[in-house]
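Below you'll find the structure, written out as structure tokens, and then a few comments.
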Amino acid sequence: MRTGTLFDPIEQDLHTDEYKINMGPQHPATHGVLRLILTIDGEVIKNVEPDLGYIHRSIEKICERDNYRQIVHLTDRMDYLSSHINNEAVCLLIENALEIEVSDRVKVIRTILDELTRISSHLLWWGVMGMDVGALTTFMYGFREREMINDIFENTCGARLTMNYNVPGGLMWDIYSGFVRDTKAFLKHFKPKLKEYNDLLTDNIIFRKRTEGIGVLSKESAIAYGVTGPTMRGSGVSCDIRKLFPYSAYDRVEFEEIFMQGGDTFDRYLVRMKEMEQSIHIIEQLIDNIPEGETLEKTRAVIKLPKGEFYQRVETARGELGVYVISDGKKSPYRMKFRSPGFSNLSVINEIAVGHKIGDFVAIISTLDLVIPDIDR
Amino acid sequence: MGYFSDIIHGFKTLLTGMKVTGKYFFNARKEIITQQYPDNRDTLTFPERFRGRVDMPHNENNEHRCTGCQACEIACPNGSIEIIWDRVLNPETGKKKKAIEKHIYHLSMCTMCNLCIVACPTDAIVMTHEFELAAYDRSDLTFVLNKPGSKLMAGVEE
Amino acid sequence: MHGTERFTAAVHQWLLGMFSPGAAHIAEMVLTGLAYLAFFAVAGLALVYLERRIAAFFQVRLGPNRVGPFGLLQTVADALKLVAKEPIGTKKADHFLYSLAPYFLIISSLMAISVIPMGAGFSAFDIDVGVFFLIAVSSVGVLGILIAGWGSYNKYSLIGALRSGAQMISYELSVGLSLLTMILLVGSLRFSDVVQAQSDYWLIFKGHIPAFIAFVIFIISGTAESNRTPFDLVEAESELGAGFHSEYSGIQFAFFFLSEFINMFIISAVAATVFLGGWMPFHIGDLEGFNHIMDYIPGPVWFFIKTGFIIFLMMWFRWTFPRLRIDQLMKLEWKYLLPLNLLNILLMAFFVWKGWYL
């Protein structure tokens, strides 16, 4: 150092610096093969860069090869926690395009199963959320209730996760004989458990301190990033497709769209907890009066959509799922695009996670409720 | 006095949480939800509609109901069904008719979507309740569903 | 004279009969060392089993139940597997430090366990600064964690180790101060004196309000000392993978794992000794008959029952609470536990001065 400037050996040898760590593709907190490149200063996050594509299966491209009946089962594999709702989105699109009017029975059964799916998805999320902030027991409790829903699914259509129960024109089969009984038994079992969940996690002082005021997502950036679902409603923006563009039997049930104003991690948590109550409310209205009717409308053996563009949106457990089809009149679509909720919800991560610590970051990605196959498709 | 009331409130919430888990701990005998899987294999019950692997039921005379119409092959999204068929001379009527030689099922590609079962006009194939489908070799995942020497059940085609 | 004292005296006599006094002394030391090592291994394995089993019951499942009756041999099988495994390290690790780290932890916990009396006269050495020695020695363990985090050349490990450094140094204060509160009541740092002072009433009853506050503080900071949920930021599975021991495998990992459980045992044993009367039986005032029945239960049994109770409490915490964040951890210590602790010492000193204790 002969330049005449003061030489500071500490500055020279022991300077602090930001560094990068890879969270994922294999990491317990990313719930799948999501890779997040974190730039960190000590424990504080300076930048988050999501790296996608580890589970890309080109579902949209496969859809261009398959016929319309076959497309339905592929959507199971996108957001596997709300597979029934995904199936329904495609079926609704085909039905609307072909102007098939499904019977009330189909609509009601679809809605009940939608809400069961939503509860099951939120239950899994709740268990995993607890696990992410360190309370490992919540996972088993959440799964215990989820198991009952899965049993109902399994009895209804033979599969627990990849249901493929919706087909264009209705349902693959009628519901099984014990469906109403089992669903009621589940509701009876589940209602007191919600209070237990609140005792165990929601009211817990450590959990409150870990989540309140963390990862605040403002209304403006929520809208700007196209965030949907409970994540958006946690910031106080109305975006519930069930209310705004009712499909199936949602126009005949009354339920509340849950809002929170804060937009922080705890608000997003609360939205989901309260949505479960609303789902119970919806199911209770429908379960006792499932109308009689056909469960499957007659469709052509080979479904061909008329030429044109079609769009259908539904509210999955994670947000708005949009299905967009360009048809050239052939038996498979010319172009199929899924607007998946997880992708837009993930894009907001850099906005809300910067400045928080690693521990909070885990809680934040947990309340975004990401399903990685839904992001990558 | 917010300092001390915070502490007391905090402790109260912690104790409520401990009450919940404690309740389960002391009732552990009744509340267990897990199953001891390989032990209870014999007593496992399946829903009627359970989707295991695809199979073709045969009756006691080694007859099946598959006419070789290939509806399942077309319906399958993954190409897991392959049908090798031929026209065979029917000695009674003297006409040549389509009959399957091999109904090949690739379990490795199957997603258990049930579309082939729905598509089959003669209910020739069903979903079994078999669920332990892992194999050590990929070739073990290819099945020929019709048994050797089997033929079409009479009266299916009408 | 208690049964345990008679036992140690008998062993002493037997050895003196066989060897010269010097050799007998050495033989005694070797025997004690071996006994502690055996206890270390057995207690570690038993605690791992208990933890898994109890965790399972909290989580409405069964836990290990395949190997041996009730799965009792599961942890033995796991330990054997870990011993047989090849240690896989990182290429760029500082190999000297990397291999050294586990021993820091295991030796510090072995040394700490030696001063705790498990029965009358049943401790390896009963020095007059026992409590002080225990605090001093148990804080050596953090060096092992720091070295492990630094030596394994892994960012996750390093974060975990640094968290651990901050955590241990802070919570050491609370552990020390809450023990000091009770020492005010006893007037001696020697563990055998602490236990002897509780022959009529356990200290938690003797010192009533301040003693109870000290007990709660000790349990909280003790949980933090042993790096367990809600203070398991060092490992923080969902955040850091496995924290400071991410890069360890085989027997080195087993050392970390065992010493973690032994640390829990030590904290519980200290809590049982200082607050709940150690090996002293439970007595109620003048109820002669009741006290007499209680005296029939040998001291070590009392000790392990009490320790087991505290261990169960700590497991209960672990399977109920979420984890704290690092800044909240610091806040809890410096803004809540430490001031309360200092106030509590004053309160206790005042009570002792006035003679307001049982």
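Read from first to last, the chains carry the letters A, B and C; within each, the first residue is number 1.
Here, a residue touches a chain if its C-beta (ideal position, glycine included) is under 8 Å from a C-beta of that chain, and two chains touch if they have at least 3 such contacts.
Only a predicted model underlies this, so the values are computations on that prediction, with no experimental measurement involved.
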(message) Using CA atoms only, can you tell me which chain is the most central one in this structure?
(response) A
(request) Report which of A-C and B-C is connected by more C-beta pairs in contact. (result) A-C
(request) Could you tell me which chain lies farthest from chain C when each chain's centre is the average position of its Cα atoms? (result) B
(message) Can you work out the whole-Å distance between the CA centroids of chain A and chain B?
(response) 26
(request) Using mean C-alpha positions as chain centres, tell me how far chain A is from chain C in Å, no decimals. (result) 44
(request) Please work out the Cα centroid separation of chain B and chain C, and write it as a whole number of Å. (result) 52
(message) Going by the contact rule already set, what residues in chain B reach two or more other chains?
(response) 14, 17, 20-21, 33
(request) At least two other chains touched by the same residue of chain C: list those residues. (result) 58-61, 319-321
(request) Two or more other chains in contact with one residue: find those residues in chain A. (result) 137, 140, 144, 200-201, 204, 206
(request) Can you check the complex and tell me which residues of chain A touch chain C? (result) 19, 21, 27-29, 43, 130-137, 139-141, 144, 200-201, 204, 206-207, 209-210, 357-362
(request) Would you tell me which residues of chain B are touching chain A in their complex? (result) 9-10, 13-14, 16-17, 19-21, 33, 47-51, 75-77, 111-115, 118, 127
(request) Flag every residue of chain C that touches chain B in the complex, lowest number first. (result) 54, 57-62, 65, 316-317, 319-321, 336
(request) Can you check the complex and tell me which residues of chain B touch chain C? (result) 7, 14, 17-18, 20-22, 24-25, 28, 31-34, 36
(message) Taking the touch rule as given, give the residues of chain C at its contact with chain A in the complex, in rising order.
(response) 55, 58-61, 155-156, 159, 163, 229-230, 232-233, 236-241, 319-328
